[in-house]
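The first chain written gets the first letter, and so on, giving A, B and C; residue counts start at 1 in each chain.
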Amino acid sequence: MDRFLYLTFDGLSRGAVYAAFALALVLIWRAARIVNFAQGAMAVATAYVGYSVASATGSYWLGFVVAIAGGLVLGAVVERVVMRFVDHSSPLNGVVVALGLVLIIQGVLGMIYGNDYRPAEAPFSRDAFQIGGVTLLSRFDLFVFGAVGAVVVLLTLLFTRTSTGLRMRAAAFAPDVSRLLGVPVGGMLTLGWALAAAVGSLAGMLVIPTELGLHPNAMDLLFISAFTAAVLGGLDSPVGAVVGGLVVGLLLTYVSGYLGANVAPMAVLILLVVVLLSRPDGLFSKAKARTA
Amino acid sequence: MTIVERLATTTKNRQKSRQNRFVPLAGVLVGAAVIVVLTYTLPPFRNYQLATIGAYLCVTAGLTVLTGLNGQLSLGHGALMATGAYTLALWQDRFNLLLPGIVLAVVVTTLAGGVIGLAAARLRGPYLAGLTLAVAVVVPSITSTFDNTFNSDQGLSVALNPPPGVIPVEQWQVWICWAGALLTVLFLAYLVRGRFGRDMRAVRDDETAAKLAGVGVARTQVLAFVVSAACAGLSGALFAVLAQSVSPGAFPLTLSLFLVMAIVIGGLGRLTGALIGAFLLVALPSVAQSIAEDAGSQHLEGNLALTFFGVVLVVVMLAAPGGLASMKFPRKIRKQKGQE
Amino acid sequence: MKRTATVLAALLLAAGCSNGNSNSSGGSSSNTPGVTDTEILVGTHQPLTGPAAAGYSSIAPATKAYFDYVNANGGVYGRKITYKIMDDGYNPANTQQVVRQLVLQDKVFAILNGLGTPTHTGVLDFLKTNRVPDLFVASGSRTWNQPDKYPGTFGFNPDYTVEGKILATYVKETYAGKKVCFLGQDDDFGKDSLAGVEQVLGSVTAKQTYVVTNPNVGPQIGAFKAAACDVVVLASIPGFTALSIGTAAKIGYKPQFVVSNVGSDPTTLAKTLGAAAPLLEGVVAANYLPLATDDSSPWIQLYKKVNAQYNGNATFDNNVVYGMSVGYLFVQALQGAGKDLTRDKLTEAVQKGGFTGPGLVPVRFSAQDHSGYAGEQLTKLTGGKATYFGTPYTTDDAAGAVAPYSGTAAAPPANGVPPAQ
């Protein structure tokens, strides 16, 4: 039982960071109808900048803010300079450009910072609280949960309560009609990219301290888990991303703990097959709303 | 209409299109002749690269039909290649009969493709991408869970007889790989011209309309997946022959992603595009590395090559959204686009 | 289809034309590939980019720097060594490609220090068929030690079973009666190491594996804590060593860590752990080369000089020491092969063995044995710095006993270049 509780908390804290990154994928999907394969590399780039600032100034929080602001800027730049000029008649063109961006970002980061792991400090202690011999969560885990929760609330408010959010969704779903109705489609796209990249950067700042450290490829594996989580929950649903992230985190941990680490990817595949065969648009898809 | 539909248009405008007056068989025979001549003129390493292009062409040709003509995106074809490669390795270990082994590899991968295809037919867009991605990353997990059979990360070596007579190994490899590649291309070229090709395009363009016209949507999608899986299996088996070894690390997720990049950059839905893509998969990394080498600094070497590779992808995609295969006749395309 | 054929022909002819590279055969040494009167061309495959590049990407430049140093001191029999480093990103498919390029196109004399078990395993047959000497492979797999099957392949690192036996011997002597757990990478590294450990200790209390594609060892370390293990043996790469130590601290678990040489470079670990680096205090590991922080070692003094002059003053860690030691051993082998250099003579020279160099224990090369260093000595991390303690041990990968080694370490020659034999 102790073992089960321990694994549950371990899985939840892993799942929370998957959820954070899955949220970024959901956001960009809602805003631009694209799965941004460069999201991970972009987040790493801003995390490098953030940690450079943090180590130069000695203030983690300044670096944290810079990283997220950097995400906003990088997202906007990528949209304005590159993505805007991609022919979107085939959805794959965007995917290939994003993959190209991944290589460029990783190459440039490698040139500037080298291909070694760099330490990534966490702003709070990562030592977990223990109650009755059972290891629970650390302060940092709680911070991650809090941040993820805040992002979900803000996103939900943005998309359901503000006209900007509504315009963003409209611009993504039906750009031509939206344009006729006076929605600045281009601006909405830029905004969507900027916001998604900022959430991605936040996720990067949350996940990198829990893994091997800063590295040009630091988010590659996370991207896979987070994408799986987003697909599982439904790419249109922020709540789905969070649930998907937690489910994937728990599953990976339970399977690693009880059956062995090598079995875990198979378990994820089986879960995906089972879920998607019954709900082809993810757990939290709106009924019958087929994606574009 | 999207660029990916160009092949559909050319087929519809069969009378108008010059391209279609040529019989695929003739093209393949010309190709075979060119290859044979090349194998006698190229030095060994170029022959090896040529063989690798042939092995890649099998999978890119199948994938471009699946993605370009049927509209299904697969990020898991690397795993299907691994299936073919491992099948051949296990067969060769016991029997050492290459041709039946390759056939078996294709059969086994076709079955695997059928299973994935059944699931894939229910999924669209990013959900299909997500599922196939999960398939792609499961390969190392399988090889280490069943390590008595697959020998974990280190993989298996592939028993091969030396080439007959005094033929150099690399030349022999080209012949094997290109025999496979040209047969694949021939098969696919006839397939996409026939009824099945029409069904695939109909399903891609509008599923509801296709259904109304009596096309079995799910059936067509599963079949398309199966066909491309068979091609991937053949490709995997050929890679096993080329490398004389198989290991999970040789079929990572990046391979699956690079395959998709190759067919898009080459020109989606076109066999010519698949060929260009296969060529780029071999040429671009080595060009990138030699450019980076000339540029100097030891510590930048690998990263400079990566960056160069990325820049090429982005620039080509922006300059030629229809892929390199479309670059020659931009006007014609626009006209065709307008017609539909 | 015709266009297909045309495009094909054009592309391939273009490829063919670009092959104007010099085929640098000829020269004095009876047409040995890669050898001329003035040059010896040697190649390697290394992960310079990608997740596996961390730490390892500094090895080959260090080897190259040592060769440059040797070249500046007159080379080997008047020949300068050119070291061509190819990036394979630790992907076996890329290794195939770059090694063929080195052998078939660049016509290298030998492949040196190719890195990685899965990557290098795939090219063994190719190198054998082409009779290319395959020296000092950078991994502790037992695969390299098959003189009958692969007569041209030689290892460098002590193999993982040898290391497992030595680590376990230390645990057995120092922590008699304590519970021991084992965490290993899910491949030959973890498996061979565990085999060595269990040969000495018998069955361990709990054993777990990790996979490199899942950077979370929470479940594994949690199991060790639940089993109340006093000692945890790690057969892990540096990132996962740091992760394991960090995770244990996170859950308030403080066992004695005993770590494989592969994952124990203190500089790399401290870099990864950052502010948590004090956790490394007391970690026991093993090594067989001089330690980068040991300024009193004449080898380190030599390597630091080379590093400053020819390696752009790169961060001086155990990987740099490793790379230069590989270079030193290779130059020794070249000196042993004599002036009339051929591939067979090189292999014979390595097989003759008897090299004395930076290693604390001898290399084992002989006609029957192609494995590398014969053993290791234990180190302990104190104050962020590893130091050797006890005596070096040697053993084999079979049932042989773990025996203390009493030979003394050699000092480098005055000019830092191994003398002609």
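Please note the rule applied: a contact is a pair of C-beta atoms (placed from the backbone, for glycine too) under 8 Å apart; a residue touches a chain by one contact, two chains touch by 3 or more.
Going by UniProt, the chains are A, B = Branched-chain amino acid ABC transporter permease; C = ABC transporter substrate-binding protein.
Quick caveat: nothing in here was measured; it's all calculated off a predicted structure.
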Original post:
Given which chains touch which, is the overall layout a line, a ring, a star, complete, or other?
Top reply: complete
Subject >> More contacts between chains, A-C or A-B >> reply: A-B
Subject >> Length of the line joining the C-alpha centres of chain A and chain C, rounded to whole Å >> reply: 37
Subject >> chain A and chain B: spacing of chain centres that average the CA atoms, whole Å >> reply: 30
Subject >> chain C, residues touching no fewer than two other chains >> reply: 48-49, 53, 57, 186, 211, 213
**OP:** Specify, in ascending order, the residues of chain B that touch 2 or more different other chains.
**Re:** 137, 140-141, 144, 299, 302-303, 305-306
Original post:
Which positions in chain A touch two or more other chains at once?
Top reply: 106-107, 110, 115, 260, 262, 264-265
**OP:** In the complex, go through chain A and note every residue touching chain C.
**Re:** 2-3, 6-7, 10, 14, 106-107, 110, 115-121, 126-128, 130, 135, 138, 210-213, 215-217, 220-221, 252-253, 256-257, 260-262, 264-265
Subject >> chain B contact footprint on chain A (complex, rising order) >> reply: 29, 35, 37, 82, 85-87, 89-93, 95-97, 99-108, 110-111, 114-115, 224, 227-228, 230-232, 235, 260, 262-266, 268-269, 272-273, 276-277, 280-282, 290-292
**OP:** Would you pull the chain B residues touching chain C in the complex into a rising list?
**Re:** 19, 22-24, 26-28, 30-31, 34-35, 38, 41-46, 48-50, 52, 137, 140-141, 144, 152-155, 157, 169-170, 185, 189, 239, 242-245, 247-252, 254-255, 271-272, 275-276, 279, 282-283, 285-286, 289, 298-299, 301-303, 305-306, 325
Subject >> Parts of chain C lying in touch with chain A, wherever the complex brings them together >> reply: 48-51, 53-55, 57, 186, 208-211, 213-216, 218-220, 222-223, 225-226, 238-240, 242-243, 246, 249-252, 268, 271-276
Subject >> Partner chain B, residues of chain C touching it in the complex >> reply: 1-5, 7-9, 11-12, 15-16, 19, 48-49, 53, 57, 61, 64, 85-87, 89-94, 96-98, 100-101, 104-105, 117-119, 121-122, 124-126, 129, 141, 143, 186-188, 191, 211, 213, 312, 314
